[in-house]
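Input: structures, listed below.
Look for chain A in each of the two complexes below; its partner is chain B in the first and chain C in the second.
Presenting the complex of A and B:
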């Protein structure tokens, strides 16, 4: 499974109804007004559906930045093309 | 933030739970009473049926569950099910902790159910592709029109149904039923094919061991396959007017069982009339059992024309409906509401409103 930066940004943009380009690796819940509990769940489910992975409870609770989410995707074997 | 998820809540941390519930709900929540909490979450063994989330020593989230077998399309192969209650997370932690709690119970129970969920929880489970039904039907029978009108919503007295005709002597068909009687042959109770197994253990825990409410379990019909009902009489706060609350009503689906069901429904009316009840009600998803009640004179309540309060502590003079949500693991059926057997006895829909002693005197 491979995901490009633009695809992930697009997913974030759809979930949070925001400009996809606003999502950088350092972006977290405090930076996005619509990053509430529902949209966090929406994000988790959308990522799992898109990448074909299943996150553990510990992983879900640790998803507090785009960088962390990208790292988790990589740990699940997803080839993420998003240079640091 | 390092969040830890515990599959059960250790009761040696009870003061933290009590403070959390008081903070997230209110200090007089019934579950802030330890006796009520221990009973409801079956914590007598030292841990409670609550998945809990922790940040160090701080309790930050809970997902309570009432675990037990559920029939899910087959009587010979019950599934592990759980009714979810008290799913709540501290506001500072609402970015993943709630989902982590949900995942914990999803991993353990193929069938998860909820009743009376709030709008936010309903939105969340909709995203998880759960089935959601906004209105579990309610059946009512008015026994005292004047008393019922005194409890009716403002301006809705004319919508109170006519008083039902109660057959004298109908209550003579009733006998007490003990959950330690031999378990019924469930396959004869076709309308119970989707829902919590009303086993002896369940009925004993849910009704006879309740720390606050007093329930009666009664039956009619053949001892081998009886029609069974569970009820209590509740006094409306502030008025003292008694109201009959039926929590369970089920009978075999064959002609003899259906006749016993009609007898039971009629006998309940006589019992409630004799107790001076203004009205009686039963919240139940089953279309089949609704038809039995209708045959005995009970009325399906049109949600658009509801006039009688559901919640009586205090009397809530506005429409209130119980919703039902469920999520079933891949490969399991997704039944419609009418073929399921869900009542106000399920989940936490019939919990005392407050922890204060006045709850005790609200019961007749």
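Presenting the complex of A and C:
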């Protein structure tokens, strides 16, 4: 499974109803007004569906930045094309 | 300071970012009475905090499982196919799943999910009040789950006496624990039974059946059994989940009108109704909701 930066940004944009281009690796909940608990869980299940992975509760708790989420996707074997 | 609510807040924050905000939101929406009641529940069920963190993790997993299923439901439009026997094996007779995740998650949802709290308020105002005023405050609770609604009746009406039925030995264990925690156990009898397969011989003036119909392959059969359990002139409180996939939800009610049809077909007359959605829809996607009916 491969995911490109643009695809991940698009997913973030849909979940948080925001401009996809606003999501950089450093982006976190403090940067997005709509990043609340409901949308966080929506993000989790959307990523799981899109990438075909399943995150643990501990992993979900650690998803506090786009960079961390990208790292977790890679740990789950997803080939993420998002340059540092 | 509400020590147990604070401990729950910390446990939720550890397990789920932002989940703790629900406590602030609920307190703002429902007031100090909500917070005090949650504190009392947590203090009684988790004295000295024992098991509270585990319950919080169970709740977080309960929510996450539900959201995963909701995602699939939005895409497919139907619940994942599952028989009652499969659900029973996977859930009701699975000790670890029931005691570590399902029952704690369900218990906390009565306070942390606004639509569940609103349903409880309706129950207290429109059903408990009648039981409390009755000169025969006996009730039966079919499908006790955590024992929560039984306990609300027993704790809210000190003359009430009840019998709870469930097919899960773990639900009975949890319900007994909750009744004991609220000093109601001596007025509450629990029986492991399927009231459709083995109808009770005694009728009661008050009957509750909360969060059961959607767990069945044949809800009308349960409704007919409930009708037979209700004494002449009696009153029942029956709920159904709408568009709410869960690991053990089998029958998909898409709207309250279908619940009404089933209830009427069983011989009940509608007296009052309540419907509340879990959240505001963002588009055309279905939204989980609860439907609660008071019937005679």
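Please note the rule applied: the second predicted complex is superposed on the first by the 84 of 84 C-alpha atoms of A that agree within 3 Å, B and C clash if a C-alpha of one lies under 4 Å from a C-alpha of the other, contacts with A are read in each partner's own complex, and residues count from 1 in each chain.
Methods note: a residue touches a chain if its C-beta (ideal position, glycine included) is under 8 Å from a C-beta of that chain, and two chains touch if they have at least 3 such contacts.
It should be emphasised that the depicted structure is a prediction, and the values quoted were computed from it without experimental measurement.
In the superposition on chain A, contact of A:6 is made with neither chain B nor chain C.
When both complexes are overlaid on chain A, the residue A:79 reaches neither chain B nor chain C. By the touch criterion stated above, A:48 is placed in contact with chain C alone, chain B being left untouched.
Touch criterion not met for A:19: it reaches neither chain B nor chain C. Shared interface residues of chain A (contacting chain B in one complex, chain C in the other): 29, 35-38, 40-42, 44-45, 57, 60-61, 63-64.
The part of chain C that touches chain A in the complex is made up of residues 14-19, 21-22, 57, 60-61, 63-64, 67-68, 70-72, 279, 282. Of all residues in chain A, only 17, 29, 35-38, 40-42, 44-46, 48-49, 57, 60-61, 63-64 touch chain C in the complex they form.
The touching residues of chain B, when paired with chain A in their complex, are 1, 3, 5, 53, 89, 94-101, 103-104, 120, 123-124, 127-128. Considering their complex, residues 29, 35-38, 40-42, 44-45, 56-58, 60-64 of chain A touch chain B.
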